Amino acid sequence: MTLTDDFMEDRDRRERTGLDECILCAYKSVDQITRIVGQIFEEGRRALLTRLSADQYSKLPKETRAVISYDALSCTAIVGEPITLNRELLVAIVSGGTSDVSVVAEAAKTLEYYGYVASIFQDIGVAGLWRVVDAAPALQNFPIVIAVAGMDAALPTVLAGLIPSAVIAVPTSVGYGVTAGGTAALNSLLSSCVPGITVVNIDNGFGAASAAVRMLNAIRTS
Amino acid sequence: MTLTDDFMEDRDRRERTGLDECILCAYKSVDQITRIVGQIFEEGRRALLTRLSADQYSKLPKETRAVISYDALSCTAIVGEPITLNRELLVAIVSGGTSDVSVVAEAAKTLEYYGYVASIFQDIGVAGLWRVVDAAPALQNFPIVIAVAGMDAALPTVLAGLIPSAVIAVPTSVGYGVTAGGTAALNSLLSSCVPGITVVNIDNGFGAASAAVRMLNAIRTS
Amino acid sequence: MTLTDDFMEDRDRRERTGLDECILCAYKSVDQITRIVGQIFEEGRRALLTRLSADQYSKLPKETRAVISYDALSCTAIVGEPITLNRELLVAIVSGGTSDVSVVAEAAKTLEYYGYVASIFQDIGVAGLWRVVDAAPALQNFPIVIAVAGMDAALPTVLAGLIPSAVIAVPTSVGYGVTAGGTAALNSLLSSCVPGITVVNIDNGFGAASAAVRMLNAIRTS
Amino acid sequence: MTLTDDFMEDRDRRERTGLDECILCAYKSVDQITRIVGQIFEEGRRALLTRLSADQYSKLPKETRAVISYDALSCTAIVGEPITLNRELLVAIVSGGTSDVSVVAEAAKTLEYYGYVASIFQDIGVAGLWRVVDAAPALQNFPIVIAVAGMDAALPTVLAGLIPSAVIAVPTSVGYGVTAGGTAALNSLLSSCVPGITVVNIDNGFGAASAAVRMLNAIRTS
Amino acid sequence: MTLTDDFMEDRDRRERTGLDECILCAYKSVDQITRIVGQIFEEGRRALLTRLSADQYSKLPKETRAVISYDALSCTAIVGEPITLNRELLVAIVSGGTSDVSVVAEAAKTLEYYGYVASIFQDIGVAGLWRVVDAAPALQNFPIVIAVAGMDAALPTVLAGLIPSAVIAVPTSVGYGVTAGGTAALNSLLSSCVPGITVVNIDNGFGAASAAVRMLNAIRTS
Amino acid sequence: MTLTDDFMEDRDRRERTGLDECILCAYKSVDQITRIVGQIFEEGRRALLTRLSADQYSKLPKETRAVISYDALSCTAIVGEPITLNRELLVAIVSGGTSDVSVVAEAAKTLEYYGYVASIFQDIGVAGLWRVVDAAPALQNFPIVIAVAGMDAALPTVLAGLIPSAVIAVPTSVGYGVTAGGTAALNSLLSSCVPGITVVNIDNGFGAASAAVRMLNAIRTS
Amino acid sequence: MTLTDDFMEDRDRRERTGLDECILCAYKSVDQITRIVGQIFEEGRRALLTRLSADQYSKLPKETRAVISYDALSCTAIVGEPITLNRELLVAIVSGGTSDVSVVAEAAKTLEYYGYVASIFQDIGVAGLWRVVDAAPALQNFPIVIAVAGMDAALPTVLAGLIPSAVIAVPTSVGYGVTAGGTAALNSLLSSCVPGITVVNIDNGFGAASAAVRMLNAIRTS
Amino acid sequence: MTLTDDFMEDRDRRERTGLDECILCAYKSVDQITRIVGQIFEEGRRALLTRLSADQYSKLPKETRAVISYDALSCTAIVGEPITLNRELLVAIVSGGTSDVSVVAEAAKTLEYYGYVASIFQDIGVAGLWRVVDAAPALQNFPIVIAVAGMDAALPTVLAGLIPSAVIAVPTSVGYGVTAGGTAALNSLLSSCVPGITVVNIDNGFGAASAAVRMLNAIRTS
């Protein structure tokens, strides 16, 4: 049996889809991550690593750590050079609580990897409705709003009723009892009484940002 | 085997709990309902029947129909004399959509049975946030607000963030896909980011009103 | 109790969000629908009705039927005048099976209501992979692709790996056993190994089209 | 990217709802908690922290620990001065087993934060029915009873059949097999055959107490 | 293909297990039932048919109907001669509501098939606790108590805390919202805080009675 | 909008996979089925229709009915000529109850469509274990055994412990309470303590037979 | 607040139900257990502690450990003197795999606490059917058989088809994938095709033994 | 009580089923594993141990470790001599991501235990469709393909649409949110739109390989 950990890259994904092959590290061994990063670095390419825990990062060989830039809050790392950032007001990321900060950060870092700077609006939960209402005039200028929300996930619904932007909602897993795991938030979002909200998997800041990049590609080529 | 359909009444429930024994008709045969109504009527007592469908009602014997007052919208009926109504602003019932009207009606009729007139605020869904904000000043005068909400059930959350009243939320089963059956609404309500909302079973307008009666008993005796 | 079926319209929703208040008819009585349509028609406004079954439609009063244009395949109806259609290649709707045709139709009719003509690609299931591969070159010209898929919902994943467009996936409820109800399709889509797919509720063609309209608004104003 | 952990307070929540903004610490970092407590303390306000584990507490900086009063049993802490306690018999907290003690304590501490002393009735499970029956005469004097119950959660049902008080039930997550996580208890409570029980999320002693405060506000202003 | 509907009887089941092979009719065609009854009758054996709906019964051929005794309340029928009934106080069947009467009847008829007369205690729900307490002295004389309970299924728990009998609990599917289908009742029973309750499938009066017959066999041979 | 019901055939599926494109009729309109059958017939090809209900069949136009051979028990129909049948002992279909007969029939008809005659062993449930033990010597001569089982689905496990054949298990949806819908049977099969059982979707006799055809192709070409 | 950990004993439970109040230690602190044991010991009574982990046991004070007899395999401990054991063949405990040994041991120790010695039949899984068939003649002499089974839980079904004893089945949580947690085993048992099996909660060896004690009480007094 | 950990072997399983009794170590103590291995070794037999974690392995006595060959990647170990390997192209194992490597390895080692060398195709996820298409010509030469797939599990579906082989799909538990635990992958596979895929439990590489051995036995004896 010659079972190996070699990594067969999906080489032309960028050309086909406008998105690179990103590496989900959560279920990979340190050895696997090391090998993948090494291969990408040697070929002079760029890549985004997600769900790279501080613990995994600390166990990577020195040489591997040297060729990636790690961000602990978002658990992401970038292989290769950063690209020039577009600072237009294209994407806002909105969240209701400080508990969701790592999901917000994962979305922001993914956008940064693709060259976009997101504007971040934190702590505007619906419990203090005036915070949402106050933010709405600023938010309606963004073509795309990523709304990160746990518990009852009412924020994306309230927000989408106030602005015309494309709203990509990310349910989060924060909470206990029926709230735990994020299914209540996910189903609440899929059931939203405001039309036109789209949803990604629980805690998937990376996926929401990737969807935003697809839309931004569409905007730029239209 | 002497299996009978005889009805053993819980005679002193009113004295113990302030609530009468109400009859859930949904899973009873027309014969069973007839016998129960007959027994209550003969003893000169009052009772509330819930979930009595138009079809069941139409199949009841003429004499049974003669001694109850049926309301088709709420699927409730009352045996016995109505009592004098208290028209103080004690309970408001709020709902977001015309689809929830039968649940609203069941709650209102249950309160009416116990002598309270509820003020009803319909069609104030969060999709048009101004409708909720406009209603808040009036609603904060009610000690108790029953909030009926389906789909993402964001209304009770937004409302409870605006008013000091006791909020009893009733999730409804209206919708399709993950919304169907009301579990998404129920879990959203149990996960509410605004503290102090209490919840009853899906579509249980009767239960919410019964809880309100317990609170009103508490208010009156305090 | 003065419980009414009156309809409080969310009047400026179009101005706030770019979307009209649409009427979900599935859980409304014929009387409620009649009243709502009448009110909209009298005020000279436009509106989209969804999930209006053939049976409900046939029971509407003649005068109501006269002021709406009904489409049986999509179970939608439009109150008010059609608007000039934009025939640019902006949105494609893709589906894998003839069983999903009503969901495809609901999405297409919703887009038409807002003035967009969708290009429809039917019967390109992954079981015959060449059909997907053959369609990809045409599809990559559309900024937005709505992908309708039931059962294992592999189509949106395979497609999103081939094209750079924004992909909005609609799981459908077609099937039996674990497939029934569409949860398997929904969870499969939320778990997609291709990044950047967004998802709406099961069978929610209307929601997918509404999300597309939000994106088209973003494209036009960017 | 300027993602921060700054805390935007919902300043007038007390005025709107009668409840302060409380801080759920379970999903926050020690740094986030430190910053939030510091901000509240500096502004001379009061706040309740919940789900602050002994481990989190021990890792807070000395200066932070100095300005809060921590209670290990309930995992709560209070920032700011205690207020004068109302020792009237307004709220009773009832539980069936010693395993539920932390939920009971969270409810009691939340009430204490708002100035109410709860009377606690422990260990009156329905397995020894005489204990419930014996407690009933005392309990019926309280306008509000918070009933904490895990496993089959029969206690709130039996109790509510014996007393007229408003009953707020808190399911707990104690148990194994189908009992684990508290869903069996939650659904049992939502299905109660005694009318007028309201329910909050599993293990949510804080939520039950917050609902009690809303009712007490209602009682006092009525 | 020679697919037939022939019925291969498990001939010596009585000898092995003390129970006959009973026929669950719910998912069988009228033709299948006819053939099975005919075969049993011709061989001069006895058998119990369960879940034979009134509609199925009415469609059976006259000759088939002639050789079975049908009971509409329990949806059971017996092929063959009745056996002498044992009228000792061996099994009590207890239920909380008139809605569960068909499950009670199925259990009673199954016991009757095996020659035992059950004593039936109806309408002793825990909402009126005195009814349970009043029945306890009589019930503790029965070695076996079958307790039929829907909704929160608190009755078997309260009862088992009062009597030493073997308690076999049957959850029922009566109810709506989270109560619907009987899962809440089932899980509540499996989570009972009173030890020694055993459980059978939802609505399975037949199964509970069969378990009682196994115990009665054990009692008689011990 | 030019939404059509045209059917884009996956023309070379037979060449690629050894299986034809079969038509699942359950979610198709009579018009769709008519058009599909017509197209296949005109092109002189063969096809299998599954889940074609007696009601759907009776509504097909006479000309359509004329070109298909319908089997009511299995709800299948074949377009095109039958092929010569291979009567070797290659596949056995085993089931435990008369209630599963339509699933057994669907599997048998699918095999027949591909030219294989299945041997059918009915009514050998594990409740009468001797029936399984008696059948084992005959069954071990078949390279492939399709085992159809509902309820606890113990039959495939017991059987697979007695024979060396490839065992494809089909859970069925027959039953009530937790048994209803077939999930209990499905999960029981996936959890089997005997290694080497494979599983298909609930009630999917067609899928099991298709898997058998893949194996038979493998056997013949090996 | 005077929240205490005092333990209010259900003093006459033995007289009412034939069972003592047993102490589930899994969710109790070491302090709580110490206090409960002390109180029982001082009053000279007997009690059974269950789910007392080796870790909890080792942390109990020396004086507490001195007055209980701990069994690590079953995680049980007994306070008070052992009673004379009845060695008649009354209860057999049967299991299919070595992984279930702790559940078997909990049942056996509970019976021992009540003075009964169980006969244990291990490792007779249905994968090796001959082991079940070989054990059947011995097992049919026991009035009560506790059958412990995980995974597909086919053992109690096969066994109950071979013997006339009362069969109490205990599903176990052993396994991975859909098997994990024991729900597949539980539902399989509730769906058993052999009539008369009763079920207790997952891993609840204590509950099964308690049910057996109820039956043994019934046998002895009958 | 004489509860032991002795191991009753299913001695003639190989003769009956062509498969040995394999030992699932995940839920066994080190003592139990030691005893089982010792017994097998002393009797000079072969056996496969699965789910033997590195931690368990390291705690086994030296003498036990000496008589088994352990593979850390697959967590398997073999007692007894290896057998001559058949290197024909009979089974391919295909997977989409490096995260699934341990499941792939378990399947490969199980096949190796039975004397078959599997060909392994790693990293051919559908996100880069060309990788699947490129592999198809090689894969169609294998009579059996084991397809290991997590997340949306689209790989087995796409593959089965391209090749005639028997496809045994193994869902994996890799992922987060709705993906976690593997249920989304499992249900996606059971819902596959390509006919003839069979499925085993989540992460059950051993089960898939065992099913392959059954098929290979069938092929060799046909």
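Letters A, B, C, D, E, F, G and H mark the chains in the order given here, with residues in each chain numbered from 1 onward.
What we mean here is this: a contact is a pair of C-beta atoms (placed from the backbone, for glycine too) under 8 Å apart; a residue touches a chain by one contact, two chains touch by 3 or more.
Everything numeric here is computed off the predicted structure, so don't read it as measured data.
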item	value
Chain pair equivalent in interface to A-B, over half of contacts matched, among E-G, F-G or G-H	F-G
Inter-centroid spacing, chain G versus chain B (mean Cα positions, whole Å)	44
Approximate Å spacing (C-alpha centroids) for the pair chain C, chain F	35
Multi-partner residues of chain B (each touching 2 or more other chains)	13, 125, 127-128, 161-162, 175, 177-179, 183, 186, 190-191, 194, 201-202
Interchain contacts (touch definition) - all pairs	A-B, A-C, A-D, A-H, B-C, B-D, B-E, C-F, C-H, D-E, D-G, E-F, E-G, F-G, F-H, G-H
Partner chain C, residues of chain A touching it in the complex	13, 16-19, 22, 90, 143-144, 160-168, 186, 190-191, 194-202, 206-208, 210-211, 213-215, 217-219, 221-222
Partner chain C, residues of chain H touching it in the complex	96-97, 125-129, 133, 151-154, 157-158, 161-162, 175, 177-179, 183-185, 187-194
Sites on chain H touched by chain G in the complex	1-8, 10-11, 13, 21, 24, 26-28, 32, 36, 51, 171, 173, 182-183, 186, 201-204
Touch list for chain F against partner chain E, complex	73, 98-99, 101, 104-105, 108-109, 112, 117-118, 120, 122-125, 127-128, 131, 174-179
